[in-house]
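These are the structures, in structure tokens.
In what follows, chain A forms one complex with chain B and a second complex with chain C.
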Partner chain A sequence: MQNGILQTRIENRSFVLDPRTKLILLITMSTFVLGGMGSESASFLTPCLCVLPLFLLTVSKKYKSAATYAGIYSAAYLTFALFGPHTSGCLHFLLLGAAGIITKLMPSLTMGIYVISTTTVSEFTASMQRLHLSEKLIIPLSVMFRFFPTVADEFASINAAMKMRGISFGGKNAGKMLEYRFIPLMTCSVKIGDELSAAALTRGLGGTVKRTNICRIGFHLQDMIMILLCAVPFGCLFLDACGAF
Partner chain B sequence: MIEIKNASFQYANSENSALNNISLSIGQGECVLLCGESGCGKTTVTRLLNGLIPHYYEGRMTGQILLNGMDIAKTELYKTARHVGSVFQNPRSQFFCVDTTSEVAFGCENMGMPERIVHQRVHDVSEKLHITPLLGRSIFNLSGGEKQKIACASVWAVNPGIFVLDEPTSNLDIDAIEDLKNTLLLWKSQGKTVIISEHRLYWLKDVCDRVIYIKKGQIGFDLPMEQFRLFSPQKISGLGLRTLSLKDLSLHPTGFHNDGTTLVLKNYNFSYKKTPALQISSLRLPVGEIIAVIGHNGAGKSTFSKCLCGLEKKFRGITCFDGVPYNRKKMLKKCYMVMQDVNHQLFCESVDDEVRLGMDEGNADNVSSVLKGLDLTELSSRHPMSLSGGQKQRVAIASAFLANKDILLFDEPTSGLDFSHMKQTSQLLRSLKGRKTVFVVTHDPELVLRCCTHVLHLEKGTEVEWYPLMEENKKRLIHFFLHEKE
Partner chain C sequence: MKSEKLQGKDLINVGIYSAIYFVVVFAIAMLGYIPIFMVLISALVPILAGIPFMLFLTKVKKFGMIWIMSLLMGLLMLLTGMGYYSLIVGAVTGLLAELIYKSGNYRSTGKAILTAGVFSIWVWGNYLPFFLDIEKYFSTRQEYIDAMTRLMPAWMCPALFAAAFIGGIIGGVIGKSLLKKHFTRAGIA
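On to the complex of A and B.
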């Protein structure tokens, strides 16, 4: 069986982080790498953060995603470092733009993929409950978590059907690619969503009783290290704001 | 004790009532089969029992459904859920979680049971259903049969008194059906009430003790199984029902096309990661015939289909059609797969646009004749998604015809179909003989005997046997479908 990148694989997991830690990691990444926040003095931290998704993907045995990330990121970085200084004008800006977008966007995107592909629905709901969020928010969010991989699955079948009909980016119907893909995707998604809700309701979801959750989540040593790691750039930012440097 | 009193229901967006003044009572510990043609209202009955009507599906309802004196229409769904457990048709869309352990525990968690008890229940149920090895896995890596077992376990963990199953075998192979049968017998032996709505009847002969036949929203008859079993095969098919006994099935000889041209599959090898899924070094098949592809789950049928249609990118096998070799990319142009869920392959706004999409330029003049041949002329301006399942299937075939595809592959074309729709599909397939080479991947022996000319039996990724379907070979086929678990 082939797996989509978004489908959670839970067999032989070795390095498990608490979903809350993952959330903190995601926020840190988007603040400092994507958002470009952070003081001059802490600029050395950004490359460190960029290595983080690579590390996490590798320890969760997602070698292919890790390699893809490392490949694209370093290609973009090196291209600019090597050719950047030798180009000028329009080409220079084009290069700067492309490399800039990739190096800023990729790390956070990869982190997002890591979070979705390593968190199960029950872990996610458990951590949301610990954060004392309302059930009214948790249930729709967890359904979304369940929905992504399913839609990815449907997408694969639709793609296969399109190939057999000769609709591809190179073909004569390239312009309508998006439309053709979305009609069946919508129909199937609506149907699946409908069936999912009916099944969940007949099993007692949405009652007034407080749900139990047998999923064991909690902070371990690896979570502490990760949180500390995230604290560093925020700390620098704070000190910077206070004028310590 | 279930009591349905003068119940009628009409879905909000429908013009006809789905159920018309139904009254029946089901005692505790009874095992009831609900049967009837597609759209007769048997699914609606199951929805009345688990409370999805009127709480989830909207419409106009009259009458009363009492469950041990409790009025379901006035009871919140989550309260009904403690007493009625439901298993649905599509194992893919009835899971809330993505891992098996949480899924089995899901119902209990919703009841707010203490953690210790939930663990205990999950453990007990898994032991009884022999699914302990499946715990802690991702549901995306399970077969259809395994998923259905998890669904049963999850419902059982809550320990309801009543089980309602709505066409649970639509997507299952013979072994998985056998497993489900054992689960039902287990529930029965515990004194649970089981109500099952189903098209395939042969496996329920020794399970259910009461048969309720529903016709156009009303109860046609309500008989003990002993009497129902005595019905002649003609009477059963006259009622629009599937066979009660696979042994009684007769072969409908179609004659062979037999023009001497062949299709040779060479080097059909494929593996996922390092697990080999398909290993056929050379296989010679006739052109223009209807070939049934059978085998257990995991035999490599779907890998075979994908490789034949050129959908596996890394597949290196060669297909020789009438002596001309085709590689993967060329097969993509020559082959067309009609998927189990036809919704995946209809893209346009009208049937006419749909069949013209991807059409071979030279075929523009043939559109109307192809549509006529498949009985689609009147539907040509309709939106494909508004058609019935069988009509969608025909639209997909029409598009394959116009794209000049020589090989058509059907993936489970009759899953979840009643007798008359199955018969329609078989006639459609028969009409393709001699014009196209047709492969039918199926678990449905009735369909195979009605329209196929050859049988290709795959097991463990390779061909076990391969024979023309004639009277003397019928036994071989029936034997495969009756084969108890090895």
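On to the complex of A and C.
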């Protein structure tokens, strides 16, 4: 847990984006890279967007994640580019599927990792309050946000434990895989959740008064640049839609 | 006396279970890039995600919790690039599920299973883009479009709807039996 990939470190941050900018980035990435909504005229932008998480991870000094992303993405892209045209039928489909998963999913996933690992829950809550969302959505959202790394972490531990007991795909008890993974995961999630809600309640979450927040968030130059970058593909989409009618 | 309004603790519970639910959904949805699985997902997701959902229902005692979770799923689908359809579908089915569970005073087992079925329909929202504008959705990969249109003729639309619903019911039943086997004994549910 100490060196988890999704844990946020506040110290030694040099390049800080507003959480709202990060959300815009995430939506842009998922719409155009993962969802593939890009129009023809904007298709040249997709590679630019794919480089973006790499850039952001590097400037926030997450070199390991950046290197992993660059390695896996380029490997998948090259594999398909080299072998894709020469295969056919079932093999082609498999290759297309695997390369499709990686080249489409990785950029958005990496962006998600970037967003979660560089935003504290307080910053996130502060930006949600600035957006004037209802408390009823902010609290569950920030809890989820806080909870994803925990769930992933617990799941990895349970996986390891069950593998040791021979309950995995290759093992002899493959049939029990589901039950033996879900139940411990849920049990410990519930326990952690109870502790989490007790901790949150002592900090005044869910009280009748308005909570204050000391996080300084706001838009700066780097936010402007990022938002402009995100506006380009959406603008192209809009222009295309207008041109079609 | 328990108040009818949602307290901080309830909202935190919603967040926790939504996180577990979403992790399960996301893990299964990864399979969707293999075209044949794309169709199966509409049943697989509700069946497996039904287990955490049934545990969640044991914590639901006030109006709004199921609806908020449904909206959160829609928001997360929007953030992960599945389009806004599941947000619209989820807003309706979440409310319906909420009303069904409420009619059983947040206690009835039969209603809980039906709730799981209705709630699961939000998964169907993810498929709507296929039927509405497939050309735009996969504008880059012609082979993928061909595979998808072969798998997804127009009659699949109601079929997927039914698959999500029935999958949700099955998930609810499985979840219920697991709850009985594990959680009630452990004093969690």
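We adopt the following convention: the second predicted complex is superposed on the first by the 203 of 245 C-alpha atoms of A that agree within 3 Å, B and C clash if a C-alpha of one lies under 4 Å from a C-alpha of the other, contacts with A are read in each partner's own complex, and residues count from 1 in each chain.
Keep this in mind: a contact is a pair of C-beta atoms (placed from the backbone, for glycine too) under 8 Å apart; a residue touches a chain by one contact, two chains touch by 3 or more.
Being a predicted model, the structure only gives us computed values, none of them experimental.
Student: After lining up the shared chain so the two structures overlap, which partner does A:183 touch, if you call chain B first and chain C second: first, second, both or neither?
Tutor: A:183 contacts both chain B and chain C.
Student: Should A:108 be classified as contacting the first partner (chain B), the second (chain C), both, or neither?
Tutor: second
Student: Please work out whether A:30 is in contact with chain B alone, chain C alone, both, or neither, and reply first, second, both or neither.
Tutor: The answer is second: A:30 touches chain C but not chain B.
Student: Just checking: does A:136 make contact with chain B only, chain C only, both, or neither of them? Give me first, second, both or neither.
Tutor: In the superposition, A:136 touches chain C alone.
Student: Looking at A:151 after the superposition, I want to know if it touches chain B, chain C, both of them or none. Which is it: first, second, both, neither?
Tutor: second
Student: Check whether A:201 is in contact with chain B, with chain C, with both or with neither, and answer first, second, both or neither.
Tutor: Both partners, chain B and chain C.
Student: By the touch definition at the top of the document, which applies to A:160: first (chain B), second (chain C), both, or neither?
Tutor: first
Student: By the touch definition above, which chain A residues appear in both interfaces, chain B in one complex and chain C in the other?
Tutor: The overlap between the chain B and chain C interfaces on chain A comprises residues 142-143, 179, 183, 187, 192, 196-197, 200-201, 205-207.
Student: Considering the complex alone, what residue numbers of chain C touch chain A?
Tutor: For chain C paired with chain A, touching residues are 6-9, 11-20, 22-24, 30, 33-35, 48, 51-52, 55, 64, 68-69, 71-72, 75, 78-83, 136-141, 143-144, 147, 178, 182-183, 186, 188.
Student: Under the definition above, what is the set of chain A residues touching chain B in their complex?
Tutor: Chain A reaches chain B through residues 1-3, 7-11, 120-122, 142-143, 145-146, 149-150, 153-154, 157-158, 160-167, 173, 179-181, 183-184, 187-188, 191-192, 195-215.
Student: Name, in rising order, each residue of chain B that touches chain A in their complex.
Tutor: Interface residues on the chain B side: 50-52, 55-56, 76-82, 84-86, 88, 90, 92-99, 101-102, 105-115, 118-119, 122, 136-138, 140-141, 154-155, 158, 272, 306, 309-311, 332-333, 335-337, 339, 341, 343-348, 357-358, 385, 399, 403.
Student: Show which residues of chain A lie in contact with chain C when the two form their complex.
Tutor: 23, 26-27, 29-31, 33-40, 43, 92-94, 96-97, 100-101, 104-105, 108, 112, 135-137, 139-144, 147-148, 151-152, 155, 178-179, 182-183, 185-187, 189-190, 192-193, 196-197, 200-201, 205-207
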